[in-house]
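Working notes, structure below.
Residue numbering begins at 1 within each chain, and the chains themselves are lettered A, B and C in the order written.
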Amino acid sequence: MIEQYEITLPEFRRGIHLITRHIENQLNTLPDKGMVNIFIKHTSAGLTINENADPSVRTDLEKYFDKNVPENAPYYRHTIEGADDMPAHIKSVITGASLTIPVTNGRLNLGTWQGIFLCEFRNHGGGRKLLITVFS
Amino acid sequence: MIEQYEITLPEFRRGIHLITRHIENQLNTLPDKGMVNIFIKHTSAGLTINENADPSVRTDLEKYFDKNVPENAPYYRHTIEGADDMPAHIKSVITGASLTIPVTNGRLNLGTWQGIFLCEFRNHGGGRKLLITVFS
Amino acid sequence: MIEQYEITLPEFRRGIHLITRHIENQLNTLPDKGMVNIFIKHTSAGLTINENADPSVRTDLEKYFDKNVPENAPYYRHTIEGADDMPAHIKSVITGASLTIPVTNGRLNLGTWQGIFLCEFRNHGGGRKLLITVFS
């Protein structure tokens, strides 16, 4: 059994955002045993899983990315879409475009401290489209 | 057909560890054709696949992470759980929280030199929980 | 329903290469709803998804990797296979060894600007083997 949902997230500002609830609210009844794949249909934003409790984890993560994938690196050639664009492509390669999460007893089987993050790497990325596939 | 196994690894010291055998030993008969997803239920350790032969690949990888995701970066705000904590969150974003591996003829269909690594990024991470989902 | 295909890509030079067509050409009819997992059976090359339009995204991404995962770092111990080898292992951990892509209406459900990249991190990596698993 496979179900798919395409959803569009509200527009988030540049930064790392906890979206576990946004995802869960879009899913109908989840199976007893299965898996969910969440795929972002963009190349300048990413998805990851990390600590859901202290928001400073998300701001520190953003600062790490900004420091280690700088804007205006002298070797960039893909600059026409703005200083935030090529770094966003690189950062999204580092995070990846999809998550695969087990489902158990009708729930995403995340660890206690795990949440789903949207990594919005553009200054004005717009509403991002996700394709969610549920297997059971 | 979906089967799930939750296992707890023995506690490993900080570092990168080959755990292919730990995984294989926990699985019952694998299908002729399918896929295994291995998901780590933590935000300060990760999973990756890399060279299983020379242990120096694992120590060099650990050194790379330590050098490029430093402890005590002046911009970290999430510091209350120790100097190794925020770097562990960042490193686990880089590696990712899950692996998806094809299964063929009852075996993980890894390349000759591929092994499964637990990346233990905390000094004292404890026994890490994995959720293994087998599809066939 | 699960189908698997093992394919060998032509040898690519060191760099980041768009291989969406190579993948699509290897797949028979794709299902109405499903998922494809593409797994690279190597530890010194990776797979990622990013912008398919401007080739400078791929060259900038390669330059980022070369700058941030240098050859001949003084702490490397795994040096016997050449200066490009240990960096290739590290880079492939950053990109990851597999992609999971939703399938809808018989097509890979990628975003408009998304393409599949082979990241060839070795100078002479040879023809890389991919294991493609289709779920429906």
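One rule holds in what follows: contacts are C-beta pairs under 8 Å (C-beta built on N, C-alpha and C of every residue); 3 or more make two chains touch, one makes a residue touch a chain.
Remember, it's a predicted structure, so these values are computed and weren't measured experimentally.
Matching the C-alpha atoms of chain A with those of chain C calls for a turn of 120 degrees, to the nearest 5. Both copies, chain A and chain B, contribute mostly unmatched positions to the interface they share, with under half of the numbers common to the two. Annotation: 20 Å between the Cα-based centres of chain A and chain B. The residues of chain A that reach two or more other chains are 68, 94, 96, 100, 135, listed in rising order.
Remark: chain A residues 33-35, 48-51, 54, 56-57, 59-61, 63-64, 67-68, 94-96, 99-102, 104, 109-114, 135-136 touch chain B in the complex.
Residues 2-4, 37, 39-43, 68-69, 73, 75-78, 86, 89-90, 92-94, 96-98, 100, 129, 131, 133, 135 of chain C touch chain B in their complex.
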